[in-house]
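One chain, subunit A, appears in both complexes that follow, with subunit B as partner in the first and subunit C in the second.
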Partner chain A sequence: MKKIKIITEHWGKIDPLKIEDYLEVGGYKALEEFILGMDRAGALGEIKKSGLCGRGGAGFPTGEKFEIVASQIGKKYFICNLDESEPGTYKDRMICDKNPHLLLEGIIISALIVGADKAYIYINGNYQKQKEILEVALLQAKKKKFWGNKILESDYSLKIEIYSGAGAYICGEETALINSIEGNRGEPKLRPPYPTGCGLFGRPTAINNAETISNIPWIILNGGEKYSKIGSKNSPGTKLFLLNGAVEKPGIYEAPTGITVRKLIDEYAGGIKKGKEFWFAQIGGACGKLLLEKELKAKMEFGKACQCPLGSGSILVIDKSVNIYDLLISWTDFFRRESCGKCVPCREGTFRLWEIAKRFKDGKISERDKEAIQDILWTLERTTFCPLGKFAGTAFRDAITKNILTF
Partner chain B sequence: MKHETYNMKQKTIQKIILEFEPEMENLLPALKKISAVFGYVGEKEANALADYFGVPESKVFETASFYDEIKTEKQPEILIQVCSSANCAVNDSFSIIKEIENSFKIKVQEISCLGRCADGPIMVVNGKIYEKVTKSSVHGILEEYL
Partner chain C sequence: MQIKINNKIYKAKEGEVVLDVCKREGIRIPTLCGFEGLPREAVCRLCLVEIENAGTGLKPVRTNLQPSCVLKVKEGLEIITESEDINKARRINLELLWADHAGKCATCKKNQMCELQKLAEEYKIENFHFIPRKGEITGIEELDLIRDNWSRVVVENENPCISRNSELCIECKRCVNICPEKKFGFNHRGSDIVVGTPYEKVLDCSFCGKCVEVCPTGALTDKNDYKKIIEDLDSLKKFSIAFLDVEMEKKILDKIEKISAEKNIDKILANLGFEKIIRLKEENLEDEMIKNIKTEYAKQKKINSNDIVVFFISSKIYKKAKKDKYLDYILSEREVARLIRDKEKMREGKIHL
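Our next item is the complex of A and B:
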């Protein structure tokens, strides 16, 4: 059976720096269809029908988000979240590298659906090359009147601006991202109010992940119903998965949601690397859960009922030769560095966990440490201000409960 | 002479700042640019920015000090960073760090994932990125800087 591809369909076959290549394979046809053959409500209906949900980690229904913003009047913004900095994740970067116009087309349609007249692309400060690719794409698309004043001679107008981050993981969180554009420290804000009601400069704002947005042109062209039949029922569509670590063919793969981790490893990434023995897999980056061999049948989907949140879609396969103490330090040091410092449980908790991890490595772990771990994990999970702190101890906790780490 | 270089610097600061409209959304981009050009954002630069954007100097530092890419103090002549996020960590980045610290007696700064995991381990020297580094390859790379 042919594997269905929505985002990666033209990867490697078109030159990302040439809009003509994209046009030749039907690029910007969805935008034309939207402008000439649809109205905003109709397009919104298709997105809702599709069941598309956010690929940035939380899996919030995209149609619902669009609807809330679209229903309000006055100045509105659309933001493409390209801050991608979850360890092990580079799917949004690949979208820019391989087919930037697909993302751009998605941004334009999304912004017009919600009624925004300005869109920002908030890009990770390290993604210098990708920023340049997007700048070229923006220029080419503007010449063709795909954005700017009077798009394709219609009454729609849209400004697009690239905004480059400055190296802070937390700025991928939507309210921190908004703070950062507003010239503040990139600390999360209290929600509610949600950005959909009170976002950038106090105006209604739809923020979506770059991968989420890249699905929009396909949905407009093929209809929401067709999309809703792909993959898992609860969170339909395809997803970009990043398989790394001890697999034969590490890399990025597009697969329907609902696929099992085992299938991804065996059928996409060529199985476990020769000579290596599987130990566990970490799903969704530094804040992701750990799965043992017997748990690899977990389905990769979003939603409350899912067995294992797929997060950013990264899957790191760890083999028995890896030093678990190195990993402990890697996880805890990451959160210690990236904690924004706004709330005490996260600022202190991540620091103490890191100290304990170092003592683990040095073989100097004490009884008191063992008790402290439980207290710190409990506090992180229940009392932190934003999800960064809440999930900062997930891998540590799993390592203990699944007997990966013994003491 | 000293006075002259001082004036030159003031002029450069002004020139950079004037590239931006005085709106809050341009504060971060302006800080990034100043930090990149001068190596860090000092008292004088912050003062000029505060004037231009119409905010207190403390606000400028409040924002500046939050972001890794913006420096608020003079940086060491050679800054070696190695990614220690999980993908690079399982690819041996910790032994690479140890190797560098032992051989060159320089403290390595550990950094978070740069999204180049497929080409890890990743080392960054004074902003220049090196992919797939090994315990032996770092010697050749670093000798150019030392």
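Our next item is the complex of A and C:
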């Protein structure tokens, strides 16, 4: 059976720096279709029908988000979240590297659907090359009148601006991202009000992950119904999976949602690396859950009923030769560095976990540390200001409950 | 509208937050980052409450702990302010905060007047789980862990009015929010966070003193040479005169409410060693009157002007920046309270200067 490809279809076959290549394979056809043959409500209907949900990790239904913003009047903004900084995740970077115009087309259509006249691409500060690629793509698309004043001679107008962050992990959180664009310190704001009602500069704002947006052109061209039949029922479509660690062919793979972890490892990534013994897999970056061998049948999908949160789509396969203490330090050090430092449990808790992880490695773990771990994980899960803190201890917790870490 | 707190019905107004309702009704909820009139930051995570029923009319569902300082009231909202989980969360967060604090209470300017200290006493916090991050290094093996954090500590005494010591700071953001000139902000991030000025320059502002007033700990305090002040006050040779600014009496009494039972300000000041107290009746009259003391008053009373020590007790701490030879010290209500505190302790025989 031919594997369905939505985002990766033209990867490697077209030159990312040439708009002609993209036009040749049917690029910007969806934008034309939207402008000539559809109205906003119709397009919104298709996206709702498709069941597309956010690919950044939370899995919020995209159609619903668009509808809330579209239903409001006045100045509105659209933001493409390209602040990808989850360890082991590079899907959005690959989208820019391989087919930036697909993303751009998606941004233009989405911004027009929600009725925004200004779209921002918030890009991670470390993605210098990708920023340059996007700048080239933006120029080329503007020349062809795909954005700017009177898009394709229609009444639609849209300004697009690339905004480069400083590479902070927390700025991928939507309210922190808004703070960053507004010129404030990159720290999360209180929710509610949600950005869909009171976002950038106090105006309704739709913020979507780059991968989510890249699905939009396909949905416009092929219809929401067709999209909803791909993959899992609760969160249909395809997803970019990143297989790293002890697998034969590490890399990025597009697969329908609902696929099991085992299938991804065996069929896509060529199985476990020769001579290595599988220990566990971490799903969704540094804040992700750990799966043991017997749990690999977990389906990769979004939603409340899912067996394992998909997160950003990264799957890190750990083999038995890995020193668990090094891994522990790597996780905890990441969150200690990347916490914004605003609320007490996250600022102090992540620091303490890192401190304890270092003592673990030195073999100096004491009784009071063991008690402290439980207390910190407990307060991180329940009392932090934003989701960063909430998930900062997930891997640590799993390592303890699944007996990966013994003390 | 009506809401239920701890199974009792209370009235609440639209747009109010749970913490304010509880305060009005006398229900105790601890908080460190919240301060009257400042934006509610919800960062200390101490004012947590549990929602019994999120106002949906559905059967009660236990949801996560919510910070009451930003939890808006809704018709039919049912909350609980004391439970095992709430206490556990408050205790852990307070313990984390306490370990981040230098814990030099015995010598701290804010001892007995510190909000963190009060809460730590209330919740019986000890440094049991965590090694203090700042100050008081005890074991050699702990040095390595603590060394990573020394960069966090910013001590600045170079400006004329305010002593800053981030060792004692708990990052509550009160000073950041209250400063009319926006002089403070967070530098660095994560566990390296420091409340400071841009590029860690010496604080240079109009010194209105609002940040010192709101600081819950001893991180921001009034700058003065206390040793010399006490020497001058206790000296039998020196004649100490205090000018009491308008409304200072009430401010001082408010500050020492918990420290001293004495309500007569003349007695209190006399006890501190002031020989003469002059009350200002109107604002901004002090300059002329103060100048008068070391010149004409001294001549009239035949006292050597070098033996007169002139104090100005006032909230106008910016005057410290432009002190002239006619005025020796400016004391804020906080500093007077501190002097009283130390006097009380000496009387109880607890400290010896």
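Operating definition for what follows: the second predicted complex is superposed on the first by the 407 of 407 C-alpha atoms of A that agree within 3 Å, B and C clash if a C-alpha of one lies under 4 Å from a C-alpha of the other, contacts with A are read in each partner's own complex, and residues count from 1 in each chain.
What we mean here is this: contacts are C-beta pairs under 8 Å (C-beta built on N, C-alpha and C of every residue); 3 or more make two chains touch, one makes a residue touch a chain.
Predicted model, so just to flag it, every value in this text is computed and none were measured.
Which of the two partners, first being subunit B and second being subunit C, lies in contact with A:A168: first, second, both, or neither?
A:A168 contacts both subunit B and subunit C.
Touching A:R93, do we find subunit B (first), subunit C (second), both, or neither?
A:R93 sits against subunit B, while subunit C stays out of touch.
Just checking: does A:E371 make contact with subunit B only, subunit C only, both, or neither of them? Give me first, second, both or neither.
second
Have a look at where A:A286 lands relative to subunit B and subunit C in the superposition and call it first, second, both or neither.
first
Return first, second, both or neither, reflecting whether A:R203 touches subunit B, subunit C, both chains, or no partner chain.
neither
In the superposed arrangement, does A:D333 touch subunit B (first), subunit C (second), both or neither?
First partner only.
Looking at the overlay, does A:K18 come into contact with subunit B only (first), subunit C only (second), both, or neither?
Neither partner.
Looking at subunit A, which partner touches more of its residues: subunit C or subunit B?
Answer, by number of touched residues of subunit A: B.
In the overlay, answer first, second, both or neither for which of subunit B and subunit C A:R185 touches.
Both partners.
If you lay the two complexes on top of each other, which residues of subunit A touch subunit B in one and subunit C in the other?
Common to the two interfaces on subunit A: residues 168, 185, 187, 337-338, 340.
Looking at the complex, which residues from subunit B come into contact with subunit A?
Residues 24-29, 31-32, 53, 62-63, 65-70, 84-87, 89-90, 94, 110, 112-118.
Could you please specify the touching residues of subunit A with respect to subunit C in the complex?
Of all residues in subunit A, those touching subunit C are 168, 170, 185, 187, 190, 336-345, 347-352, 354-355, 358, 364, 368, 371-372, 375-376, 378-379, 382-385.
What does subunit C use to touch subunit A in their complex?
41-46, 48, 64-65, 70, 85, 88-89, 92-93, 95-97, 99-100, 128-131, 133, 141, 145, 170-171, 185-186, 188-193
Under the definition above, what is the set of subunit A residues touching subunit B in their complex?
84-90, 93, 124-127, 163-169, 180-187, 242, 244-246, 250-251, 282, 285-286, 316, 318, 322-323, 326-327, 329-331, 333-334, 337-338, 340
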